[in-house]
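The letters A, B, C, D, E, F, G and H name the chains in turn, as written, and every chain counts its residues from 1.
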Amino acid sequence: MESINESERKKILLQGNEAIVAGALAAGCRFFAGYPITPASEISEILSVKLPEVGGTFIQMEDEIASMGAVIGASLAGVKAMTATSGPGFSLIQENLGYGCIAEVPCVIVNVMRGGPSTGLPTSPSQGDVQMTRWGTHGDHPIIVLAVSSVADCFSVTIKAFNLSEKYRIPVIILSDEVVAHTRESVTLPDQDQIRIFDRVKPDVPSDWYKPYADNNRGVPDMAAFGDGYRHHVTGLVHDEKGFPTQDSQEIDKFLRRIHTKISKGFQDIQITKTHLMEDAEVCVIAYGSVARSALRAVRDARKLGVKAGLVQLVTLFPFPRKAVDTYLRQCRVVIVPEMNMGQMSREIGRVNQAGCRIVKHNRIDGQLITPEEILKHLTTV
Amino acid sequence: MESINESERKKILLQGNEAIVAGALAAGCRFFAGYPITPASEISEILSVKLPEVGGTFIQMEDEIASMGAVIGASLAGVKAMTATSGPGFSLIQENLGYGCIAEVPCVIVNVMRGGPSTGLPTSPSQGDVQMTRWGTHGDHPIIVLAVSSVADCFSVTIKAFNLSEKYRIPVIILSDEVVAHTRESVTLPDQDQIRIFDRVKPDVPSDWYKPYADNNRGVPDMAAFGDGYRHHVTGLVHDEKGFPTQDSQEIDKFLRRIHTKISKGFQDIQITKTHLMEDAEVCVIAYGSVARSALRAVRDARKLGVKAGLVQLVTLFPFPRKAVDTYLRQCRVVIVPEMNMGQMSREIGRVNQAGCRIVKHNRIDGQLITPEEILKHLTTV
Amino acid sequence: MVKESILKTGGTSKKPAAAKPKKKKLYTVIFFNKWCKSCGLCSALCPKKIIKSDELGFPAIENMDRCSGCRFCEIHCPDFSITIKERHPRRRRTNGKH
Amino acid sequence: MVKESILKTGGTSKKPAAAKPKKKKLYTVIFFNKWCKSCGLCSALCPKKIIKSDELGFPAIENMDRCSGCRFCEIHCPDFSITIKERHPRRRRTNGKH
Amino acid sequence: MLECAEIIRKEYLRHDKKFPHVWCPGCGNGIVMGALLRAVHSLGLDKDEVVLASGIGCSGRMPTYVDFNTIHTTHGRALTFSTGIKLARPELTVMTVMGDGDSTAIGGNHFIHAARRNLNLTAIIINNSTYGMTGGQYSPTTPYGSKSTTSVYGHVEHAFNIAELAATAGAAFVARSTVYHATHMEEMLKKGIEKRGFSVIEIISNCHVQHGRRNKLGGAVEMINGFKQRSVTIEKATKMSADELEGKITIGVLADVEKPVSTEEYQRIVEEAKNKAEIITKAKEKNGVKRYEE
Amino acid sequence: MLECAEIIRKEYLRHDKKFPHVWCPGCGNGIVMGALLRAVHSLGLDKDEVVLASGIGCSGRMPTYVDFNTIHTTHGRALTFSTGIKLARPELTVMTVMGDGDSTAIGGNHFIHAARRNLNLTAIIINNSTYGMTGGQYSPTTPYGSKSTTSVYGHVEHAFNIAELAATAGAAFVARSTVYHATHMEEMLKKGIEKRGFSVIEIISNCHVQHGRRNKLGGAVEMINGFKQRSVTIEKATKMSADELEGKITIGVLADVEKPVSTEEYQRIVEEAKNKAEIITKAKEKNGVKRYEE
Amino acid sequence: MKSDERYEIRFSGSGGQGIITAAVVMADGVGAYDNQHVCQTQSYGPEARGGKSKAEVVISGSPIDYPKALRVDLLLAMTQAACDAYFSDIKSDGLLVVDSDLVKQLPTSRSVSIPFTQIAKEKIGRELVANMVALGAVGFLCGQVSLEGLEKALLSRVPKGTEQINSEALHAGIEEAKKINFDLLPKSVFSEWEDEL
Amino acid sequence: MKSDERYEIRFSGSGGQGIITAAVVMADGVGAYDNQHVCQTQSYGPEARGGKSKAEVVISGSPIDYPKALRVDLLLAMTQAACDAYFSDIKSDGLLVVDSDLVKQLPTSRSVSIPFTQIAKEKIGRELVANMVALGAVGFLCGQVSLEGLEKALLSRVPKGTEQINSEALHAGIEEAKKINFDLLPKSVFSEWEDEL
């Protein structure tokens, strides 16, 4: 869906999962720990081949909990790290994911969604894990969730995920789905030197002065790696500026609010939406993931039928791009929200709908990709 | 907070966690599997003593994942079963919890909330796990979440939890918090014969005819236990009426929608709210858990100051009691939502706020119970 | 309560005292092609090497009389597609019971 | 690169050749009461049984000269509250180095 | 009387389930299923009183096909479900079938704890040295140096010896067999099911499709014949040197010990509890002094 | 030269942390911490290159106090974090301290897998037979028959032998000591840290507050003296009968084997990969034929 | 007591003094044996170790809303540190009760000083039961609990075998408290000039 | 092709016939070696085992929105079952290509029957490469891919050592397809009367 600079030389046919690997390697990922699961296994498999080639490390752990632990460990030791799984595995990483949030450890987690709950529909696409990625771990925590809808997205959003993760010291989740993961598309990958890479900011103070959780104007403390000479303490307990556990209400409050505000300070950078034909749209579809592609087709078809339709594609699902969505809720008469779940993002849209725009949910949970026809029907009848 | 029939003989001083045990035993719970964690450990400890006394079984498993597995196993074998944990443990049970939802296994999970995320603030109260209980496991799934605010609640809500669980074949979560768990209060427990107990409906057809997942007018299939002579299959895959995995879109859709609608059919039974001084209230507080008690005090104090204040206490958090809340949003000028989190229920209230009522969030995340004064301040200034 | 293994193999079963030791028992090997996946295990494992493939790739017995009734094929068929039955020559069948 | 254990116990350390074997070494046992939790391990484990309790319950040495410098108390103190130092009688101290 | 295969097909297989089953042609899972059904039949167990649980994996599909009380749990957790079932209804015969990944990768902890705890359960582990279902990634029993979809350069980790692990963790009965040794396997399964306490039967099986293919071990036939060649009985094995045993598969009963079985112990506790109850409850009442805790 | 205790206090303890530490009076955790610091010091390790990780529990508080790169992870998962750290920076000396519950209850799987995998890591397990931090519930090493806050009727399960479990799972080095044997413990720790491969040092320690009290084992002094009485060296133990060993604590080096260490093997793979890369990537490209999967 | 009125007692001291036990027994006496509503809370966390320890009992004729103390009617302080830390929440007509040997600096003259620890040591022979001596005094002074109820509660909550000694301690405390002449106490815990502010 | 037009090919047959491989090579040929956008999907799940197998290739001059086929331009059916199941989505001017030995019942006369399997067996000597024979024919008939591109894609996607035999198969397919006389085919896949409805 992204306009890519066509060039014979670099054009290749990639599967979604392959493109995530390509994006991760381009972003500087040099550590992967995972546990196989359909439909994410290809990410492990390909990285097991590619990582050693670039001097990185691949390890298959005993389960997803262990994988997430290893990813956090590697990141704390200074290496960009990632894991990839699907719903059942994601349900298992929740505890350590929360650790990543409170200890502010950059890392990327890919969730290639399949039908749930539980073992569910292992080989069918779904978007049933949206709210889970936001709320699955206990306690209030910030998190970033990005969705991919095409092979090109898989590459570029993965890079973005690593960049945000490093910039804000936070776990970033990439939500893919079975359709995107297994679709092959021809894409043109940019040269490595054309890619903007963000690396975590390292401290430059003398080691004695280093406070690993001190606030600054970004709200994101500088981050030393284990072995860098800045001996420090990392814990999953609420901690003070130095990283040591605290029970002091004021320190607690300050810390927990900082890890939330560091994200709100970055909304502009973090909240990504794409629009198609929205300039004069009166009816719009808000969609994400593979469904956004059905939606685009439907919008184009609707235009042909004279309906002023448009598409808002959410790339960032959380922090929910309230501001952007609000604009379109004010612009449009009706908003259609097709999802392969019971309405997990339409909840969010409803929540911010102060304009009182009419919101039409379209939900499919039978393991099939929503078709353009289904959406078109709404577009032409509302 | 419940008006209890005073009677010298049965009045006892109980801690919140003790009262949950008392409620569970009264409801017929005869199996507990758990793993110790502050501030829920007393539930395990007391049940380890009491269960054998009534012929039940207590087992401490190797972790929370195993505990949840054992609870589901025991329930499938026909015994009412429960586990109790806190945030970190809850994060771990997510996968098996989803299994409970898809295989429609009655069981009760107590989450005594402490400060999060991660290890967080192990000994401090919090309400940070509200959204997690709703959304923590992957895939779309129905679930029931009840909150307790007093020792008396601990007893009666636990009974309600078991009853709903059995009636709707669904895991029910009880959200307690460190304050409620460790507060001791004098309570009068009713006689066992005064307690209404609901047991799952067993099939009465010949075993050959039994379809363990067949729809009926309640949407809740009759449930045979292993060993009852109704040999059947249970799986975490999406399944057909007979319990066998299916890939048929129509069967999938039918099944997944049924497990959602069985809950919506029961809204009246499931969605519990309590009100205090709401008849003529112009300003109200919507609260739950221990905070509801601070809120009640604040409301009473506000009345003394001439403010027409009222309290809506949510007992059922999910399925969110939209209808009831909507009524109060229409009635009141302002709604104050105090929570020991960043605003997890105020999200839900905002989501259903079609009346455009002003919603004032009051959030505390420093490990301290919100005081009546803090709420009173809002009541007197809004 | 506990029964003997239901698997009475021709090769190893203790011969009942009354059995005539010299009379070679005969067996019928029945293939249930509907479930068979043509994995070839039966023919590879048959000690008598009498199981071959038919033109569709399904197993077929070359010389039924050579079957020793060892049931090795039966218990190794992963698809429950083989049944070994004792075959009683005509005279036995006429005596009306077994 | 690898150093010897920093724990040189009086009882077991090899005596340097130059040492006068007959001269008994003397030690000072210093208790750091700020960290001490009065657990009683030092006094229970001291082979010479010279650690007693003072009126506040903190450990105290009865007869410092009897300390053999075995450091058993030091390495068993869970609170890092004991330091054993070699004590050099006055004449040694005057020779200016050690 | 029905013949063996007929009994199995008619009495133990679920006919409303679509056969042929999902396993690949020649997969050992079917051989194990047959042996298990024969073992159950010859023990004379009532189908209503038998539970077969599984985790997730190719092996995990077994419960779908057999006419017992069956449950296909989550990946690695089957023994925890079985624990709940057994404790809730001790009179049931509860068996759990798992793959090597299911039982010793994600489920490793539950496995060693079930062994330690010594409930009266039977664990059947179909060890095919790989994750068959997800496409042949390395498992905890993939041999050092082997190829898999996640170890194309050769595996750098070492394999568990499942049976030994079970014995060390405390299993009361541990046996090993292979899909070649179908009758022996049946025998081991019978012994395991009859054993009071936690019993483990490790069955070496072939996943020629994922593991065999990538490691030049041939197809089902070659792999299964390989098991024949590599197997030695425990009796012989005890007389062999470590070097001689290299690459061999020791089959037979590896451990069989008597010790208190928790399932029964719990019953005893229940009796005692009713008496002691009053006294202890009082003493137990916490005095409220809490310590810092996490 | 600074004296022993002074070196530790001045160079290895974090003074900005509030001492006295949180452990109860007489708790063995402090004794282990001392021995560990002495071992690190005598090995001449650079503090900047040492990582001490822990899980959650009383023992889990150790990293807070020592001036290395330290991490207090989640309950039971410390070894997984350590695995990531070690693989990312193989030059660091990574040690992991855990309680018996942390390492063998919730963390049991990571423990046996770390042993199997044989990375160059050191695991120090403080085995006090109970969950100290949460108030004395039974742990996987609580002896049969013991009382705890969740086994007031006497424990019906059996205990793990942690060291044996580690050895069976594949640890390259396994030793045991007790808090009584502080110098021996230091020695074992040194050997373990120096060992190439996964090393486990199990240290029998006292939680008199939770375990001792409930089982009439006395206070810290009595428990620690008990360890002295019950200990036998591995050399002696090998000459004793099982009956004689009943209730004894075998101390010393229980296993020390040489085998490929994954940390190093990974390095080899990386080298090879760069060469083989081209060829394999091609061959690896999946042909798209997928099977049913879960 | 008017049905929505509250009477609040705070027990404070240091970890190990049995502060929480005293509060629990108090609550049990009020709640289970008297016909009052009662709510008992305590502070958890590292704070409770070695350092300060705090437990509260709220008593009311009607169900209790906020479970923690709002304005304390009676503060028992068994250490100076506890007295200093927790005195501020006391009502103007509240009462401070202290161990006279351990709390020397009294922030108000509306206070009662009794040598609980000394009584425990000398009269009962075990310092450990000082908490029960104090409980006896508090029970009597607060006037919110029947003394039989309190004793029953105590008997049901202390370890087997220690009933005798604990109940002796309770009675010693009650007796000691009976000696107090309330008329001699000022009406407010605040000094005159503070009241005038 | 106009930039937002789509050309859709569906490959179908039974599991084990190499249907997906053929589609992937086609997509690679179009996408990586030609200057077109391409999107290739397949059906997963048990259905793909033994039973029907399906893979789709969508080609367009501009980026492709919906990744799956909407109205199929060319359907390759390598079994009767596949032909029956997947024919319904074909465009009225679409083309059906079948293995003449395996698909006997043709739902339309706008179809091309070629004995792919027989060619593979007889001309190339290995039945397994029937999918490549078919691919050659499809590649030629669809007119959406340069045949060199297709061959390059094939060479890069088949296992080492099988390049020769696979490319022979491809060429055999192309040759066979060249023999088809398009003028003899009806304009619509639907019979006359259907068109009139």
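Following the convention adopted for this analysis, a residue touches a chain if its C-beta (ideal position, glycine included) is under 8 Å from a C-beta of that chain, and two chains touch if they have at least 3 such contacts.
Quantities reported herein were computed from a predicted structural model and do not represent experimental measurements.
Common neighbours of chain D and chain G (chains touching each): not present.
Across the two candidate interfaces, A-F and A-H, the one carrying more C-beta contacts is A-F. When you average the Cα atoms of each chain and compare centres, the chain farthest from chain D turns out to be H. Chain centres here are Cα means. That of chain C falls 46 Å from that of chain H. One inter-chain figure worth recording: chain A and chain E are separated by 39 Å, centre to centre, where each centre is the mean of the chain's CA atoms. The distance from the centre of chain C to the centre of chain D, each centre being the mean of the chain's C-alpha atoms, comes to 85 Å.
Chain E and chain H have Cα centroids lying 46 Å from one another. Counting partners per residue, chain H has 24, 42, 44-46, 49 as the residues that reach two or more other chains. Multi-chain contact residues of chain A, defined as those touching 2 or more other chains: 38-39, 45, 49, 52, 62-63, 65, 88, 95, 99, 118-119, 122-124, 182, 235-237, 247. Chain F contributes residues 3-9, 13, 19-21, 23-31, 33-35, 38, 41-44, 179-180, 182-183, 186-187, 190, 194, 219-221, 224-225 to its touches with chain D in the complex.
Residues of chain G that touch chain B in their complex: 4, 24, 27-28, 30-32, 35-42, 44-46, 63-68, 70, 153.
Taken in their complex, chain F has these residues touching chain E: 22, 24, 56-57, 60, 75, 105-109, 112-113, 116-118, 133-135, 140, 144, 152-154, 156-161, 164-165, 167-170, 259-260, 262, 265-266, 268-269, 272-273, 276, 280, 284, 290-294. Residue ranges of chain B in contact with chain A, taken from their complex: 65, 87-88, 90-92, 94-95, 98-99, 101-103, 113, 115-122, 124, 126, 128-129, 131-132, 134-141, 235-238, 247, 249-250, 252-253, 256-257, 260, 341-342, 344, 347, 350-351, 354, 356, 365-368. By the touch criterion given at the top, residues 35-38, 41, 44-45, 48-49, 52, 58, 60, 62-64, 88, 118-119, 237 of chain A touch chain E in their complex.
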